[in-house]
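Chain nomenclature is as follows: A, B, C and D, assigned in order of appearance, with residue numbering initiated at 1 for each chain independently.
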Amino acid sequence: MVGIFIIGIIMLAAAVAVIVVRQPVHSALALVGVTLGLAMIYLILQAEFLAVAQVIVYAGAIMVLFLFVVTLLTAGKEETETKDLLSGQRWASVITGLVVGVGLAVVIATHHPTKLATSLSSSFGGLHPIGQELWGPYFLLLAGVALMLLTGAIGVLVLNRTEGTKAPRSRPLPHGVSVSDGEGESRP
Amino acid sequence: MQGLTEILLLPLFGAVTIGAFKSLAPKRYAGIWASVLLVASFVLAVLADVHLAELAAGHRVISGTLFNWATGFGPKIAWNIYLDPLSGIWLLVITGVGALIHIYSNGYMHDDPDRGRFFGYLNFFIFSMLLLVLAGNLLVLLIGWGLVGLASYLLIGFWYQRPSAVQAAKKAFVMNTIGDVAILIGLALLYFRFHTVTYAGLFSTFAHATPNTAYFEWTAVLLFIGAMAKSAQFPLNGWLVDAMEGPTPVSALIHAATMVTAGVYLMARLYPLLRLAPDVAYAIAAIGAFTAIYAASSAFFQQDIKKVLAYSTLSQLGYMFLALGVGAYTAGVFHFMTHAFFKACLFLAAGSVIHALGGEQDLNQMGGLYKKMPWTTASFLAATLAISGIPPFAGFYSKEAILGQVFNSGHGLLWIVGVITAGMTSFYMFRLFLLTFFGAPRNKKLYDHAHEAPAVMTVPVVILGILAVIGGFFGSWLNGWLAPVFRMYPGASHAALEAGPVFGTVITVGLAVLAFFIAYWLYVLKRTAAKAGISTWPGKWMLAAYGVDTGWRNVAILPIQVVGTWFRDRIDQGILAAVVGVANGIWLWAEDLRPVQSGYVRRYGLSIMVGLGVILAYCLTRV
Amino acid sequence: MISVQYVVALAVLLFMIGAIGVLVRKNPLIMFMSAEMMWNAAALAFIAFARNYHDMSGQVMAFLIIGTAAAEVGIGLAIIVAVYHRRHRLDIDEVSKLKG
Amino acid sequence: MGYLIPEVLLAGGALLALLAVAMLPNAKNLGSWIVLLAMLAAGVDAASMWGVTAKLIMSDTMAIDKYSILVTEFVLLAGASSLLLAWNADRFGAELPPLMAISVLGMMTLGTAANLMVVFVGIELLSLPLYILAASTRTRAGGEAALKYLLLGAFSSGILLFGMALLYGATSSLTFVVYPAITAANTWLLWSGLGLVLVGIAFKLAIVPFHMWVPDVYEGSPTPVTHLMAFGTKVGAAIILLRLLAFGFYGQDGSWGTLIGYLAVLTMIVGNLLAVPQLNLKRLLGYSGIGHAGFLLVGIATHSVDGANAMMFYLLPYGLAAMAVFGVLRLIEGQGDEVTLSDLRGMAYRRPWLAAVLIVGMLSFAGIPLTGGFVGKFFLLQAALFASQPGLAVGIVVGTLVGLFAYLRPLQMLFQRTEVSAKVQHLRWSVAGAVVLGVAVVGTIGIGVYPAPLVHIVSQSANFYWLTGG
């Protein structure tokens, strides 16, 4: 119980860090912290397999991907956010977000879930039961996720394939001249 | 179904084949083919009516279902076909007069390079009109109603090279759309209350309904607005005169004989509804009477031969609505029938004149044509006598039937308006007739080239002329024929034809004859030019020349004329402006909303978030 | 016994922070990370309720979320990179040519 | 498992097409042929199941009934027509057919969903390929469209997921078809969860105020993809909304019926209103799609069998009209992507047949009689009034009237005689495009004139509440 509180507070701090720090790299690192914190909470909630999956897939694969892209795109640049030109966007977002969040929190606070009398089996959340579910009744959903991952792979290929005739460019041109089809907008 | 399907589908078949083979077959075949189909349709229509007559008086209905339109959810809706004596009359007139006009068009459109398209449209119009009158429920009627509007739009704008024609077509479309929407709402009100749209179903419900409730009043008003738009009743009359931009046979067929009477048909068909909404019925009568006199006064100074006829059509339609409004249903239908004969004759004869003069429609360029065009002149004269209500021509009987019943039902004011209009009708029609065919030729060059129309045009005109002479004698037959329709409903005591007071007849005919003499004196003896009086303040010249008439004119005609002109300019424009204004308003409003769609993803996200907050709040308050 | 309420409340806060992050940050990468936080919050709530009801389907759902997120991140980063190659700026507000 | 053969066929087709594209990069249209045949086979197989009695399969996660079969046919039509619109066009990339197949598979999955997991997987399967396809031409607008769609899609999916979590917490089950048996208690948790889920689905369905991505994404995406979004996504989102509310929450319509009603009216009016001043045809269609989503919602909001039928019915005329209009758009645009209204000038004279198709489609959108769109709107109006909801009826009428302005403006352009636009002059017919247009026109007019068969089919399939006995 205390563990959840501590981890929760750290995790929330990391989450806030994700959205307030200036450097995308720092955001990504903070997000790694959030996912690791989540994995620990999963463990406390007896979702062992998911805790492992969270670490491997999220903190491992996904966050590495994020970090990679962040460093690729912002390498050598001081990524400072310019002034927010959308008037009131920040205020309105924070206020609506808080309203929704507080509303949901009130909902949760007033909800008293039924507590089951039976005790939790010791294997709950382990590899065996979740495997039984995934390869049993929910097999098609697993197949669906597999198809999505395939889609993701195709997507990366399709989207960043270089045009046949033009040589790939590894580095952005100074004035942002178009890379592939001459439609790029020139920016100082 | 006694050939009803064939009657309906022959013109459609014609339209489709003409459309498909327009560029393949020689052009003259289009007209012949269209006419042949329509004559066949007419023969079938006669057979169907004969069959109808053979049925017992109380059961004169042929009904059937082409196919089920929708069954499954909600009430069953089918394409019902329904022929009773009322639609039988319309059926005969549409196919009969339609066939004559088709034949006539073979001559009239002879030199038009695009006549394949013309006949395709014309056949399509006939199909739509037949669908309208043969409909067994209001939904099919509405579809026919919309399609005739479309056909009318296409035919008014037939000569799309003329900007005025395109403009006129647009105007007709807009005004008709107002009516269509009104009728749609009315239909919706009926359907969603009674869960049926068939005549039989609705009428059986009406029989037990409480009259004079707001529901029936509103429904009747909405349906009447639809009828007003289609039949060009004040204030939705502006489009009809402009519609004369279409070819003359179109004016004869659509804008005189058939389509514009669709409103009359609708009101006659829904007479049980009018019975439930007596206030609306009175309003119909009043608007009809006002349209009659207003249009008649407007016709006085027209310079265009077709425009005079257009105003007279308006005026006569006003009579029909007057009849329906006071409950004289049979008289209204009777007048529709005779009007179809004489007005089609007038238009076709006018078409012959225009044809002979190489497209000239200005009265100032005509005159003395009776020597060159004897057949046309004779037919035109017969029809003019008919419309003026001179006994024993057709219009006399039908108009007397209407006025008599207006008087009998105690609508004194409306009766007076009707009588005065009858006199005015006589005046402007004889003015038109005399200016066109008598007096000295005003344009020598055109006159020299003028010639009698070919037989293919003259014969239909003469046939219609004969009908205009004898049409009135069908009155008693019509009375018996329509009796089962209008007696189906209790309380329709005035539906049958009645005789009015003798003094009424004397006054009406006297006024008509007097008007003829005035016209004769003015335009033949005094040789007044057609355009006299229009450039100056109207009536100034009259004041100087004929002191006797001045007071009468000042008191009766001038105000109406002034008001009429004012209305024609303002209300007409006003309605168009309102439609345009609404459109522009929507446009501007939409333009104002566009910046909300700012292109910024974060704004879009915020919109989602705000929406989420609202929905969440809503959900939480509902528990 | 762990009270599910606290965990779900934690999930709500995470969800809220994520949602705010999507709306306030201009860098599409960080917006995307914030969206991932929202997904994670949902997964956390699922697992918490699964624990409460002793029901595996909530955990299965969390697993599906993780898998789907992986695919989505792959596609999403590819799109961001593709757009970046055209503009060389990571500012979402400049990607606003389509509007009106 | 036998009931899922259509899904399996389509997935197999997608994989095979992917393999074929990779192995034989020079075989033109090979992938398209494979996917098209798979779609046809799936359609035939689904149709052969028509006599099935409704049942839950896969441990109550999927429902097989006439509803799901009809949805399968609808989305296969959407997928096949999109595929045909992309026929022979290299610039969309060879991976387009398999990606479309996967997206259609997601829509089919939504049709069978009886469980929130399936809903989620279906929605993501539907969306992920569309994110890629939106950017597949690698134009600037395509990239922008994809980025907007992606970010907002991820955002809304997050909301959807969290809502599902709350529903799970409130009911202890993810199988929503059994909710009526569990949820006697109206708790805040349940309703806030439903609210969040509604937002997630409303985003996909383009309901105001969650609609803002639609015009931008439609405008930026390649036309065949836009068509798939307009037709397929709408079918998927609408039917899952209907199934979720009418199965899982049918007893509590007092709570959601009114809400959906408000959203419907707002969407109908705003969507059609904003379509009025648009000059870009695809953008106009985007707003039109928003308006139509509002009409669809009316059927759900009435919360009656009539309403469910009417919504289900409306999907097909809407989709057919979209096929007609997007088909014409595809032919006009040629190699470019942007078609403005002025590009339609003179089409009625230069390309009368094509113009006729466009007119039929637009009139059907506008709801002019004798087109399918009119019949669909008529049934919706009927459902609204029979359910004594005059507000919805007024909304339909106002939305339709405003829509008239939007749809008649492009038609006006067709008849401009003064000049013929270059795009119209140079457009080239394609067989695939002609097939799509032919089906669209015949279907639109067929449904408008003789809707009885479709009415019959729909009334059998959207016949809900088969679970209420249990």
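We adopt the following convention: a contact is a pair of C-beta atoms (placed from the backbone, for glycine too) under 8 Å apart; a residue touches a chain by one contact, two chains touch by 3 or more.
Just so you know, these numbers come straight off a predicted model, no measurement behind them.
*Asks:* By that same contact rule, can you tell me which chains touch chain A and chain D alike?
*Replies:* Correct list: B, C.
*Asks:* Please report how many Å separate the Cα centroid of chain A from that of chain B, as a whole number.
*Replies:* 71
*Asks:* Rounded to a whole Å, what is the gap between the Cα centroids of chain A and chain C?
*Replies:* 5
*Asks:* Using Cα averages as centroids, what's the distance between chain B and chain C in whole Å?
*Replies:* For chain B versus chain C, the centre distance works out to 67 Å.
*Asks:* Just the number, please: Cα centre separation of chain C and chain D in whole Å.
*Replies:* It comes to 26 Å between the two C-alpha centres.
*Asks:* Give me the residue numbers in chain A that touch at least two other chains, ranges are fine.
*Replies:* In chain A, 86, 89, 93, 96-97, 100, 103-104, 107-108, 111, 113, 138, 141, 145, 148, 151-152, 155, 159, 180, 183-185 touch at least two other chains.
*Asks:* In chain B, what residues contact two or more other chains?
*Replies:* 594, 597, 599-603, 605-606, 609-610, 612, 616, 620
*Asks:* Which residues does chain C have that touch at least 2 chains other than itself?
*Replies:* In chain C, the residues touching two or more other chains are 4, 8, 15, 18-19, 22-24, 26, 31, 36, 43, 48-50, 52-53, 57, 60, 64, 68, 71-72, 75, 78-80, 82, 86, 92-93, 95-100.
*Asks:* How would one label the connectivity among the chains shown: line, ring, star, complete, or other?
*Replies:* complete
*Asks:* Of all residues in chain D, which touch chain A in the complex?
*Replies:* 4, 7, 11, 14-15, 18, 58-59, 61-62, 93, 95, 98-99, 102, 105, 109, 117-118, 121-122, 124-125, 128-129, 131-132, 135-136, 138-140, 146, 166, 169-170, 172, 187-189, 192
*Asks:* In the complex formed with chain A, which residues of chain C make contact?
*Replies:* It comes out as residues 1-10, 12-21, 23-27, 29-30, 33-34, 36-37, 40, 43-44, 47-54, 56-57, 59-60, 62-64, 66-75, 77-82, 84-91, 93.
*Asks:* Under the definition above, what is the set of chain C residues touching chain D in their complex?
*Replies:* Of all residues in chain C, those touching chain D are 4, 8, 11, 15, 18-19, 22, 28, 31-32, 35-36, 38-39, 41-43, 45-46, 48-50, 52-53, 55, 57-58, 60-61, 64-65, 68, 71-72, 75-76, 78-80, 82-83, 86, 92, 95-100.
*Asks:* What does chain B use to touch chain D in their complex?
*Replies:* Counting only chain B, the residues touching chain D are 67-74, 142-143, 146, 160, 181, 185, 188, 191-192, 195, 583, 586-587, 589-591, 593-594, 597, 599, 601, 603-605, 607-608, 610-612, 615-616, 618-620, 622-623.
*Asks:* Which part of chain D faces chain B closely enough to touch in the complex?
*Replies:* Residues in contact with chain B: 147-148, 151-152, 155-156, 159, 186-188, 191-192, 194-196, 198-199, 202-203, 209-210, 212-213, 215-216, 254-255, 259, 270, 273-277, 305-306, 309-310, 369-370, 375, 379, 381-383, 385-386, 393, 397, 401-402, 405, 417, 450-452, 455-456, 458-459.
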